[in-house]
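In the two complexes that follow, chain A is the common piece, with chain B as its partner first and chain C second.
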Partner chain A sequence: MLIPSRTETGSARVRAAKLGGQTMDPYNASESTPRQSATSGLKDYFIGATPLQRRLESVRKQVSVLPTPSRRKIPQCSQLQEDVDPQKVAFLLHKQWTLYSLTPLYKFSYTNLKEYSRLLSAFIAAEKQKGLAVEVGEDFNIKVIFSTLLGMKGTQRDPEAFLVQILSKSQNREGKVLWTGWFCCIFGDSLLETVSEDFTCLPLFLANGAESNTAIIGTWFQKTFDCYFSPLAINAFNLSWMAAMWTACKMDHYMATTEFFWSVPCSPQSLDISYAIHPEDAKALWDSVHKTPGEVTQEEVDLFMDCLYSHFHRHFKIHLSATRLIRVSTPVASAHTNGKIKILCHKYLIGVLAYLTELAIFQIE
Partner chain B sequence: MSSYEGPYLSPPVRGGQCKVPLGGRSLQTAGHAIGGFEGASAGTAAEETAGDMGREMDETLAEFIRRTILKIPMAEMMTILKTWGFLSENQLRSLNFKQRKESLVQDLLLLCEENRASINDVALLDIVYIQVHRHQKMWDVFHMSKGPDEDVDIFDVEEFKSLFKKILHRALKNVTVSFRDAKENAVWIRIAWGTQHKKPNQYQPTYVVYHSQTPFAFASSSRLKSAKPLLGQALTIASKYHQIVQMDLRSRHLDSLKAIVFKQFNQAFENHNSTTPLQEKSLGLDINMDSRIIHENTIEKERVRRVTQETFGICPQPQLEFAQYKLETKFKGDLYGGILAEREEPLRCLIKFSSPHLLEALKSLAPAGIADAPLSPLLTCIPNKAMNYFKIRDK
Partner chain C sequence: MFLYRTYTVMSPQKRVKNSQAQKRTSQGRNTYQTSLSAWKVKEKPSDSNIWKQNPVEAHEHVDDQAEDTLQMAVGYFEKGPIKTSQRKNTILEKHLKTVENVAWINGLAPETIDILLNVALSGKFGNAINTRILKCMIPTTLISEDSVVKAISWLCVGKCSGNTKVLFYRWLVAMFDFIDHKEQINLLYGFFFASLQDDALCPYVCHLLYLLTKKDNVKPFRVRKLLDLQAKMGMQPHLQALLSLYKFFAPTLISVSLPIRKKIYFKNSKDLWDSAVLAVRLRNHGHFSEPLKLTLVPVDLHPLKRKWNSHSVIPKLNSGSYTKGHGKKEMSLSDHLSCNRSLPLEQLQSFPLLLQNIHCLELPSQMGSVLNSSLLLHYINCVRDESLLLRLYHWLSQILQEECIWYKMNDYEHGKKFTNFLDTIIRAECFLQEGFYSCEAFLYKSIPLWDGLCCRSQFLQLVSWIPFSSFSEVKPLLFDHLAQLFFTSTIYFKCSVLHSLKELLQNWLLWLSMDIHMKPTMSSPLETTLGGSMNSVATLIHYVGWLSTTAMRLENNSTFLLHFVLDFYKKVCDIYINHDLPLVVLLPPGIFYASLLSLDTSILNQLCYIMHRYHKNLIAAKKNELVQKAKSEFSFSSKTCQQFNHYLTTMVGCLWTSKPFEKGISIDPKILEKSGVVKFKNSLNIVHHPSLLSYAATFVLQESPEERTINMSSIQGKKWNWYLDYLFSEGLQGLKFFIRSSIHHSSVP
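Moving on to the complex of A and B:
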């Protein structure tokens, strides 16, 4: 079955992204109209629909999606990842990161990291003394450290990733890490090609720690490098892709289950549905769906999700496709629609970041 | 789930199924669910802990009183103290409710000392508190049954209480058991658990509500693994039943659980001469289409409404927060070109529905177009089967 091309709504999403940085979720916007027809006519989708009906259903579902590529590579262990010291990046795993997209930094230099540490420390101290910080009982003895994260890139062209940490200065040598943020670019060719030499492209920003600190750091970066942060929301379409891609990753053993969360827009009471499937069974389902070696196609993602929907519908007579997918969790990583992710598997770290970089770049453009 | 048979201290046997009540005790036609304050008789005196209880108020008791009173919101303080009935009218009148809570607690502590409050007196206050704040606990449901040839005994509440206490005391040297009678032949029991060597922990008690005219008891979920078997035994023997089984049903809404198991909830198809239509929930959609499509939609909408009403009834649904399904069923991939066709093993799934009011939310799905009408029996059977935990396998 041919998937019709979906280029028409790309502009809608870009427009939305430029409106004050709030990423509108196009999947939600068009939710109202198609639902109504679900009960009559198209409800037969799951029970022997004609090819035309299925194609129409497919178009209906895709009306709200982005013009992203219809095929992607399954995350593999990239060569460059061999350089990454697992211990050095262990602190990135099993932590919840809030995602932002970041426009290119103007006149950022890797040789000035010490200087940046000093300037940012001073800025934070000044802000906190102004009483703008909300943290209670926090003392002003903090230290900011900029450092590079070696090996966190997709190709040699990608700029070096770097890390910013806020530590509390205490009597002990080892201060406590209060806040961490890192900037990276994994396979960012499409963006790198468009900018001049004065700019450093690190479109993906991940933050862990108090929101107030993120705001202060963000303000300093925006002032210093003339860039712009924007929260990166992940819509249901991309969550489905992530679920499929991460299920496709080969694992020796599974440390976590595969789970999906939906929020049902019914009134007056809200309803949440969580659907956990044993990761081996999810993999078996994926393997049965998967046709093209080394790649994941749109068709396969749709089929994978449809199988899950259909299995659910068989038991409960509920159309999950009419509800809102808000979170997916696999043994590789988990992602929430509000832009929070957790990476669980060191092996596929780069692969996960590559997809997120792609989303970030799309939001910037 | 565990089921118990026979006399004392036999090891628990797992895997029992929910049994049908044998109709030993006639179910009273219960009225509306019990709510608010239990205005019934004051609690009966229970035995104190096996152990030395001095005349002076010791520190642990004072602390117990302090913490129990501190839990009570100021707005409810007077009513709860009155219901407790331990302090006299004069004493209550002497209290200044305009002062800070900590100071009020101090005054109350002095009054309790004056009246020589015992652990049991304070335990009763705790029961009154929980009766008002029953939503703070997650309640499990237990179903007791008799053997096939056994007769119905006349229930004697004092005998029940005495036996219940005796069994727990025999098993654990240190335990606090307190009773408070309530409406509709219900007994509220509070158990603070200790061990052979340790005094009872008053801050993690288990509460049990037993309706003596029914084979059902409700117990607050306890983290103590050893509590459940003992509790089961004590309940079964004291109430002269033979067997006890924990049902696959849990909720914070005790009254809803009662409604479900006491079959007060009426799911029968109401007389459809009633002309009041179900309130249409506004979906915020603007239907501006061809009149023929509108007509077709209306017919379908009406069918959905009728089927939903048949399935769920007109009465308000009992309030549950979740339903959980453990599925081990094969994937039927007929539509999808034989996906997983060769696979013999089922898909292992765990599905959980959560909502502040689950059954109302499920009821609204078909009219909203999110689900088919009729909804799956796996969901609609929840009140009837009195379950919200399910294990589903292929036949």
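Moving on to the complex of A and C:
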């Protein structure tokens, strides 16, 4: 554990960590405005309205009421997940994924995946050898595979997730995976309601591999399906939620430790504070603050984090709440504020993705 | 980059222009000559008037002579070289000179070009002569397609040398725009394509094909052939250009990504004829506008190392042809053989073209690109396709969020980029006369964080383009935040906000008046009744009233601010008549009295005008109410009328009858005594009103310049009327309207 040489923290800045890094959140500046009744009448106006107006309504709602729900379900093992090919699931676990939010894909069709892989591989080949034209369908030294991830969904309404892989093609052995990306939507109802059938909503995109490949493939998707990728950063507020929700998950046995990272802004280099706890201790702490069965509330999240803070303060006299939470690792999954995650436990895969989908949808609204 | 391509064949508009041009040229000449054969029969040096190249020319005689010699020269070349003649070379030289001179000065008629092309390519003369002839094949206005086809047929015979062939192709490319039709030439596409094999010809043939290629010329076997060539010859710029054109027509067959560095893809074949081509264009002026150009900027200008979304905010316009073949599992050959008649966007260059193809337009693959194309904005304005708008919505929301500067605290350079982007959006909104929902959503998210400085003008313009909706819904999300900034910022900011709110009101009114008159059943989702809509507008006006009253207090009744406030009410007072909407909202007392007692004449004048318009509107509303009392769903509250009457009485009291504030306001006599204005009643009329006093003084001085003391009270009776005329002549039109409409002349004091 690192301890900073100087600690210039004050109790006046308690809760700063929660708001820090949330520059995109409009509520920092305006929490005092009463907004509860703002959308009361809108619902009535919008009956039978067009998707566009439904979108606007959802934005208004999003802006006017609290940004995120104040209670969420503790991730459960999903029934649908049973259908997912275990090999594919294993492939998705223990890898670091960079998160992106993605606006709905226009005129995407699951029946054309073959055609897409042909086009995309020609596109990649053309991009890689700038200026040299290539024929679509030609044999390149790479191979692009589109495949669906059957069952990777929260509800039946969620569109099927799919996986894109780029394999190197060498003569003697079967290809090495160069790049992987997958698109999914877990409990995306709020988004699904606001688009017409021309669109496929897969708001969460996860990529593993060279950034330059992500760029090429992203560009192709943007051009082909008129969608838009944005990097999905996770702010400290959402990281604390993850910490609480993932600690709350029941585990048969713990494989990894629970660890938090805080960043102390100081020059010339920022200082990171790491705080590791045995996952069983973390669970015990959670159980002591947890009241509502099956759910996590905002109060519980705050209390959980506060307990950690005060414990740390008692030992090191450092107010962690004045620093910025940048990373959370639990036995279920780990997440970094820069939008990189790793999912460790296959049981709670869907649960983790559900929350990430929620964040992605929030970003594209 | 100088890569361009003329879509003459595909654009019907241009074809019309061409044939018109041809008609014109031939009309100009047909009195002298009907056809080539007619000329051939009469081929004699004495028939001077047959060859009148330019009938308008003043120096007819000189011209005639020139025509004669040209005719002789052409005749000479047509017959072929005369053997054995000793004078052969000198004669040949003389005739060549003649042709060259005429060609470079006036250009050659289509018929002459026809003959001489034949001569040059048939190999009757030597190489040097052929070259010289080809070099001077400069049309007066046009070249007939037939001559070109005939010339091409000579290429097959193999009578001309490689150099001549090259020169011919270069000539063809340079003169491409002057060929009257291209259908026949296009039929020879396969022939040209086969000529690509010839290494020497390849660059020029590529260029020609680049100009000639239509969508139906792009076939899988040709794609393969080109790729073979590429494999053989490597990355040649001319091949790249043709390949990228092929990719543009058939993205499902071929993929290419052009290098970032700019390159000139074709060596300029026009070099030889630069000045000549310019001259022809000048001659054709009016018939040819600037040739339609498709600038083929390297398709993707984003280096991989840079952030991938950041190369350019607005995507390039690209037809959505990618998605075309997606319906079928395999691209069948017939897909490519059957020529699709839809018009790719890259070729959409003019409004008439849009009108002709509006039913078969390929929409852009990335909807965001419409922001840069006014033609497509026209299109999305009339096609109310929901998914089209949704695509735009999603894209724009994300871009706004991602580009917004204070979300990422970025450098100045980026700030400028963002400002430019907002300007583009605002331009599009103005063009469409409609706001984008994504901008509204963006404002909801960003106004609470806005410092009121950054991109101020753009933000306030975005506010004025908020689509019509229920004001009470929007207020807490937006206007409450704006109000905080409003009250704490400078007077200039206040004025800008008031101005943009005026624009907002105007946009809403226009939208409503259109909406009500076009669709009486109201498909508007926001408000189900007219009353509801009016209510929203009324709330907006009351809100601005509240803002301005408070602002007036904060800014010590600033005249400058008051101008902007009254500007707003100038819109408000005329809603009933101008927009035919049943709404009359008066200005608040804080504004009314401040304007009435202002020291600034123009403010008073403006107020008078506004009161005059209120008067008109209320009378019109009352009248209408009487006519359709039963039907009218909306009735003006009697309170509005009472309030107006009260204002009116006060104004008349202050400006005319010198009986101000008879009712309502009572002033403590002690205060009046203190101020020394005991006879305050007489102090407020059109003569003594503080803002008009200087006018009165000037008037009196004009009447009697030698007077030592100015006696204002002398303005009475007849003089009063003269004084009025004087005021009106000074440009106080508002006052004039007000007095004419509200004061009966019997009451002259």
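Here is the rule we use: the second predicted complex is superposed on the first by the 284 of 365 C-alpha atoms of A that agree within 3 Å, B and C clash if a C-alpha of one lies under 4 Å from a C-alpha of the other, contacts with A are read in each partner's own complex, and residues count from 1 in each chain.
Throughout what follows, a contact is a pair of C-beta atoms (placed from the backbone, for glycine too) under 8 Å apart; a residue touches a chain by one contact, two chains touch by 3 or more.
Just so you know, these numbers come straight off a predicted model, no measurement behind them.
Colleague: Just checking: does A:Val195 make contact with chain B only, chain C only, both, or neither of them? Give me first, second, both or neither.
Modeller: In the superposition, A:Val195 touches chain C alone.
Colleague: Applying the document's definition of touch, where does A:His311 land relative to chain B and chain C: first, second, both, or neither?
Modeller: In the superposition, A:His311 touches chain B alone.
Colleague: Who does A:Asp281 touch here: chain B (first), chain C (second), both, or neither?
Modeller: first
Colleague: Taking the superposition as given, does A:Ser267 touch the first partner, chain B, the second, chain C, both, or neither?
Modeller: After superposition on chain A, A:Ser267 lies in contact with chain B alone.
Colleague: Between chain B and chain C, which makes contact with more of the residues in chain A?
Modeller: C
Colleague: Check chain A for residues that touch chain B in one structure and chain C in the other, and list them.
Modeller: On chain A, the residues that contact chain B in one structure and chain C in the other are 33, 35, 38-39, 46, 48.
Colleague: In their shared complex, at which residues does chain B touch chain A?
Modeller: Within the complex, chain B touches chain A at residues 281, 283-285, 287, 296-297, 300-301, 304, 325, 327, 329, 331-333, 335-336, 339-340, 343, 345, 347-358, 360-362, 364-365, 368-372, 374-376, 378-379, 392.
Colleague: In their shared complex, at which residues does chain C touch chain A?
Modeller: 223-224, 226-227, 230, 235, 239-240, 243-244, 246-247, 251-260, 300, 302, 304-305, 308-309, 315, 318, 320, 322-323, 325-331, 365-367, 386-387, 389-391, 393-395, 397-399, 401-402, 406-409, 437, 440-441, 444-446, 448-449, 470, 472-473, 476-477, 480-481, 525-528
Colleague: In the complex, go through chain A and note every residue touching chain B.
Modeller: Its residues touching chain B are 32-33, 35-36, 38-40, 43, 46-48, 257, 264-278, 281, 284-285, 288-289, 303, 306-307, 310-312, 314-319, 322-323.
Colleague: Inside the complex, what are the residues of chain A that reach chain C?
Modeller: Interface residues on the chain A side: 23-24, 26-30, 33-35, 38-39, 41-42, 45-46, 48-53, 55-56, 59-60, 63-64, 103-104, 106-107, 109, 111-112, 114-116, 119, 122-123, 125-127, 130-136, 195-196, 198-199, 212, 214-216, 218-219, 222-230, 363-365.
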